[in-house]
Structures are given as C-alpha cells and as structure tokens.
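See structure below.
Letters A, B, C and D mark the chains as written, and numbering starts fresh at 1 in each.
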Amino acid sequence: MPPQFTFHRRIRFSDTDMAGIVHFANFYRFMEEAEHEMFRSLDARIVEDQPDGSVVGWPRVRASCSFEAPARYDDLIAIDIWITRIGVKSLTMSFKFRLGQTQIAHGELKTVFCRFQRDGKFESIPIPAEFTDKLTECPRATDDE
Amino acid sequence: MPPQFTFHRRIRFSDTDMAGIVHFANFYRFMEEAEHEMFRSLDARIVEDQPDGSVVGWPRVRASCSFEAPARYDDLIAIDIWITRIGVKSLTMSFKFRLGQTQIAHGELKTVFCRFQRDGKFESIPIPAEFTDKLTECPRATDDE
Amino acid sequence: MPPQFTFHRRIRFSDTDMAGIVHFANFYRFMEEAEHEMFRSLDARIVEDQPDGSVVGWPRVRASCSFEAPARYDDLIAIDIWITRIGVKSLTMSFKFRLGQTQIAHGELKTVFCRFQRDGKFESIPIPAEFTDKLTECPRATDDE
Amino acid sequence: MPPQFTFHRRIRFSDTDMAGIVHFANFYRFMEEAEHEMFRSLDARIVEDQPDGSVVGWPRVRASCSFEAPARYDDLIAIDIWITRIGVKSLTMSFKFRLGQTQIAHGELKTVFCRFQRDGKFESIPIPAEFTDKLTECPRATDDE
C-alpha cells in the first residue's frame, strides 16, 4: 500500500547532538510536521477555532519510534505517513523514515480529537464526518480500543 | 555590583550540537530560565491571569548574546542576572554566563509588560508598582527609550 | 518495587506549545535527562572517551511514551525510572511521570551500548561488567531479544 | 540593496509557546537555517572535513534579534539575509524577517571561521579565498574589528 502522504525534511544543524547525529527526540517533532503537512494536503486544519469560542485540536495519546540508522546534518529525509486506524474519537498514524533507499526509523502516533475550553481544560469528542470523509481509502473502526 | 540573582544550569545532551558544544540558540533559552527563576525569587509571576479574563506577560523586544567560550555536555554553568533598566513599560536585564572561573558568554534581554486579549492580540501597559517595588536596588528610568 | 531513581524537573516556558501544555516531544528529552541523572547517581558516565581514541555511548533503539494528563509551565514534575531489562548489549528503562499525586505519562526507552569510531560509524558491544555491577537489584537477561 | 538570499520557513507547532506565538529563541535557529541555505546557494559547505583530519566550521561570536511582531503556527515567513561585513576571519550577516508585507523581526549574526581539532579545541583561521570569491558583491574589510 502506498503511503497516504510523503513529507521531505532537511536535517538542520540544530537537530543534531554531540554524537554527530539527529537527537532522537526530534524524530517525534518530524512525525508531527509530516502529520500537519498531510492535514494540509487534505485541506484540513490541525487547530480550529469554533463559533462558541472553544478550540478543537488533536492532543497526543501515545507516540513511539524505533531507530534503525542515524540521520545527519544536511540529510534530506523522506517521511511516509499512513493513517492506520480511525476510531470514533481517535486517529492512529504510522510513519516510515527513509534516507535514500535506506529505512532509518519507523514510528506510530495516536491522537484524539478534543475540544479545548478557554480555561485550558479539554475533553475528547467524536471526529466530525467532514474530516473522515477526506480519508476514504482508510479502513474505519467503530470504537477507540 | 553583585548580580541580582544567580541561576545554575546543568547542560543537557539535547542542548549540544554536532560541533560537540551547546548550540548557540540555547543560550537564549537559558537567559529566559534565569529570568524566570529570578522572578520566582522575587515571588513574582511571569504570566498572570487577570480578573477580566486577559493575561499579562512579558514579550521580548530584543535579545543579544556574545559567545566567548563553549559549554559542553554535563557542564554546570552559572548565569548571573542583573536588571539594568526599569522603564515605564519595559525591563532590561544583563546576563553573564560562567563555567568555573571562566566567563563563557554575556547577553542582554529587553522585555515589555503586555496585556494579552483572548483573541491573541496584545498591547504594552505600565509595569505595576507591586512589581517594581520588589526591585528597590535597581535605578529607575522614566521612559522606555 | 520502588523506582531506581527519581528525577525532579521544572517545566520551562520554552517546553510549552500554543495549546498551553508541554509539547509531547519534550517528554522524550525529559526521559533522557532522568536517565543521565540516574547514571550520575551510579557514578557512571553516559559518554566516555576510550584510550584508543574511540568513544562509547548509548544510542537509542526505541522510545515510546503514553500521555495521560498535561503538564504546564512552572509545574515541578517527578520522573521515576526503573531499569527493567539488562541485555548483553542493551538496556531497557521504564519511566513514570508524576505531577503531585497524579500520574501524567509513562514511557519506555531501549538503548544499546556502542563504540563510535572517529569516522562517525558505530557498532554495538557488550555492556562492561563494571557498569552492570552497579545495577545489582535489577534482574539480568542473557540475550538482547 | 536586495538581499543576497531569501529563505522561506513554515512555522511549526513545536516552534510556538504557551503565549500562542513563536518562542523568541527559535528566531536564532531560523537565522542559522537561512545562513546555511544561503551557503548551499553558493555551493559552500558550513562544515567541512579537512585532509589532515581536522574540521573547519563557523562558530558564533554574537547574535542579536529585535522582535517587532509575532509569528504564529502555520505562518510562512520570509527571511532575507545580507552579508554585511567580511573580515579576515569573520563574517557578519544581517537578517530581516517578513510575514506578508510586514517586517516582524530583524537580527544580526557574527561568525568566525575556525579549525576544530580532534580533541574538540578550535582556533580561528583566515577565511579561504575560494569562499570569499563567491561573495563578490559584498564590500570587504581587512580586519576583524
């Protein structure tokens, strides 16, 4: 199955650490950048103001990444992204990081659709059909496991 | 003149870059950490909710830093901070970074007291006397140059 | 079982994002800081120059984190760390993040002991007994699964 | 005078802080990204291995930035860069940050050309003519002030 989206990211000097390679925590930021660019490609917004003054968005439930080979300064990596599960309120995405022909890492990110109140509190809510309609090739789940 | 406050900061692995030293942009984060710990020592808050639903805080006007010697992983650096100018709406602070007996960097940060509205817009307002009263040893200015 | 080590971490302004909470990718940096402070408590170094000019260290194999409740600016969180598996060449650690009485996140980090050559290449090597001897309460594994 | 180079940068979610705007320390990383892309446009490398095993690069001497208006998530900012001074061993660059028609910040970065030895020590050395020849439109200085 081809990825839903591929994001290309230049490795910056500030992404590296004293081991001369990309610091592992930055791969989670790269996942998020790929997720947001995929949302953009779907004409969907990751954060959206609502008429009632609340804001809806996608807090993270869980993220994992396995590191197979290092990325270094100035590398142009490719990040493939697949939506692997659409729950009622949650979304799970898989990621494959590539440098040329080599897979260098793979990861997973589970997010949940939430409404943020002005006091900073937030609660999960069902993902609107307008959004899931944009993901027609993806198999649906009817629960959030 | 002794510093108003000294903050000690352990250099973390993720603060370094592939040159094996602290990435220069992190010194500005360290300045902010020292500023906030000085505020804490004065029992002052850097961000404060107001009764009318607005929030007051200290956006940055200008920050500079000169780098004299590198800091490396696991170094325990000392950051001296002085408030060098109190304007009607602005505050200017100077910083000296030390590693043991060696000065490794020095910097300056100018901030301005602002009220943030719920729509994200903000405007500068006079610094309240309750705050400046906590800074009695510091010479006052009557303008914001 | 009590944690092997507990690390206390003040949440910094630059750790937050526009949702008003700690950006999720920073929890992986916090894990690393807790790991390094646990190493320090064992009088062990995370990076060590060898007589032959090589350097030994602990690249990451895999890291995951589940987010249960947000952390916010100025929170003082506690990070409990347990070494849950010692392989021939790898180490697996578990983490529990707490804010007061509330568990806010939990994670896992698997690392592998490696020798870095001057050209930047590295290979996994057995963890020296001097190190594992410092971890006597921890059950051993004889493979790296 | 037109800029030597203009770099376009998408603001990422992790670039923001709880004030809802880009954290000020990130503008220094953006300057560096613009600098490196300008180097790339000149077919010059920011870090270069030498035949004798040493590495040459550009440590920072001083960086300053003035903040005029905020940048927010998803903004596509433009960063104009000018080399304003070429010394024997140092380079000074000016930066203008723009969002649409609005200038949001401006900064300056002074770097010095250095050779790094394997033990991590480094010393400044004259900038090679091969590099400065690529900057023909820029006025030269014969000292490093």
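Assume a residue touches a chain if its C-beta (ideal position, glycine included) is under 8 Å from a C-beta of that chain, and two chains touch if they have at least 3 such contacts.
Note that the coordinates shown come from a computational prediction; the quantities given were computed from them, not determined experimentally.
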(request) Starting from the Cα centroid of subunit D, hunt down the chain whose centroid lies farthest away. (result) C
(request) With contacts defined as at the top, give the pair, C-D or A-D, that has more of them. (result) C-D
(message) Please tell me the distance, in whole Å, between the geometric centres of subunit A and subunit D computed from their C-alpha atoms.
(response) 30
(request) Give, as an integer number of Å, the spacing between the C-alpha centres of subunit C and subunit A. (result) 24
(request) Round to the nearest whole Å and give the separation of the Cα centres of subunit C and subunit D. (result) 33
(request) For subunit A, jot down the residues that touch at least 2 other chains. (result) 13-14, 18, 20-21, 25, 29, 32, 47, 72-73
(message) Under the stated contact criterion, what part of subunit A meets subunit B in this complex?
(response) 13-14, 16-18, 20-21, 23, 25, 53, 72-73, 118
(message) Could you list, by residue number, the parts of subunit B that touch subunit D in their complex?
(response) 18-21, 24-26, 28-29, 32, 47, 57, 59-67, 70, 72, 116, 120
(message) Using the touch definition from the top, list the residues of subunit B that touch subunit C in their complex.
(response) 12-14, 29, 32-33, 36, 46-47, 73-74
